[in-house]
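Going by the order they are written in, the chains are A, B, C, D and E; count residues from 1 in each one.
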Amino acid sequence: MWVGTVIGTLVATPKDQSLTGSKLLIVQPVSFTKHKECIPVVAVDAIGAGTGEQVLVVGGSSARYVVGNPEAAVDAAIIGIIDTMEVNRDLLKEP
Amino acid sequence: MWVGTVIGTLVATPKDQSLTGSKLLIVQPVSFTKHKECIPVVAVDAIGAGTGEQVLVVGGSSARYVVGNPEAAVDAAIIGIIDTMEVNRDLLKEP
Amino acid sequence: MWVGTVIGTLVATPKDQSLTGSKLLIVQPVSFTKHKECIPVVAVDAIGAGTGEQVLVVGGSSARYVVGNPEAAVDAAIIGIIDTMEVNRDLLKEP
Amino acid sequence: MWVGTVIGTLVATPKDQSLTGSKLLIVQPVSFTKHKECIPVVAVDAIGAGTGEQVLVVGGSSARYVVGNPEAAVDAAIIGIIDTMEVNRDLLKEP
Amino acid sequence: MWVGTVIGTLVATPKDQSLTGSKLLIVQPVSFTKHKECIPVVAVDAIGAGTGEQVLVVGGSSARYVVGNPEAAVDAAIIGIIDTMEVNRDLLKEP
């Protein structure tokens, strides 16, 4: 899983039927440093998140179970909204 | 899932039989910034997309379900054509 | 699997029910060089690790078996605490 | 899937028995730009490719189905030889 | 799959029980160029490799079949020791 910030929404009218009714959010991974090397991911919102919120995202086949359909066209899902994080930034430096 | 731009097509005559009849498109991931670090992906088009369109792509084992064959030689599928996106680019900057 | 350093913790109150009771830790991959290109990962702690410790992390669908629920919303799990590592750094240089 | 160029071959005598009889090729992903950030991948050749040819490669669990053994020690397979590609390189530039 | 060099070993006493008895090696992916962008991976050794040897590594869910336990906490396994490689380095340059 990884921590991301919801940066936006998207609408896709022609889409796979397994996505009907799903809310899709665009999520930027948080790197905890100044570098940003990851591209934003589109995740199904299973929890009720909004733009600007920090969320927990699960990827891969596990995301299909989150939406309750093991054959869904889904590879990323928002599974939590983060209340607090406690990060020791000194540990980000490699000795 | 991720947002990409369809940049081209390809033809492969000798190919795995599970791909027979599938349209293959080359899709460049959209980074929302000036950096482009991802290489283009070849995805099965399950939705009727064309070059220049922005699409939603699913990767990994989920793509097999999109083509209706859980044993297909497929790891990426176009599952939507994007009508509109609303992205708060200020949130792309990490504080 | 990969080696990481536990750099922090997070709390997410609204979350997928399959995560209830799971301890979530933020883990920075160790690169063994000066470059740090990976973003931290959030992993379920299945072993009792703490901030500052070096751990072994498994990713992908295998992580679901670690938490004993093949349908859990999990794609990374801490599966070991590292006692010792012996690395020949000369082998990191490519001839 | 992705497009790659076959750059070489390898021989491994002690190997997992599920690989016995498989031809292994080293494939460099094609980026369509001047940057090359991906490391070469070793893929099972299911189609009869040779060094210098451009091929279509599938990754992840889907590759196991290509070799006809859902428990094979395989995570990448060559599933097509590319005849032609038509890429609009202007679309590679992000506005 | 990918080619890597075994650069070291690790010992983890508290660990997931599915790893009991497994030898864990630290493997650096070989890029065939001067750039090294990948972090080392920890793989279960299924073949009897040693530090300094070049090996073939499989990742993802396929690695679980290598260790003979489809529910093992494993996402990478050494499946071959490389005798010889023949790489046409001219093909590494993109035209």
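Quick note on the criterion: a contact is a pair of C-beta atoms (placed from the backbone, for glycine too) under 8 Å apart; a residue touches a chain by one contact, two chains touch by 3 or more.
As the structure is a computational prediction, the values presented were derived from the model and not from experiment.
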Minimum number of chain-to-chain contact steps, chain A to chain E:
2
Given a C-alpha superposition of chain C onto chain E, how large is the rotation in degrees, taken in steps of 5?
70
For the pair chain B and chain E, the C-alpha centroid-to-centroid distance in angstrom is 29
Provide the C-alpha centroid distance between chain D and chain E, rounded to the nearest whole angstrom.
18
Mark out which residues of chain C touch at least two other chains, giving numbers and ranges.
30-31, 33, 37, 60-61, 63
Could you give me the chain order round the ring, chain D to chain E and onward?
D, E, C, A, B
Quick check on the complex: what are the chain B residues that touch chain A?
1-3, 29-33, 35, 37-38, 46-48, 56, 58-63, 65-66, 70, 77, 79-89, 91-92, 94
Within the complex, chain A is touched by chain C residues 5-16, 18-19, 24, 26, 28, 30-31, 33-34, 36-37, 39-43, 51-52, 60-61, 63-64, 71-76
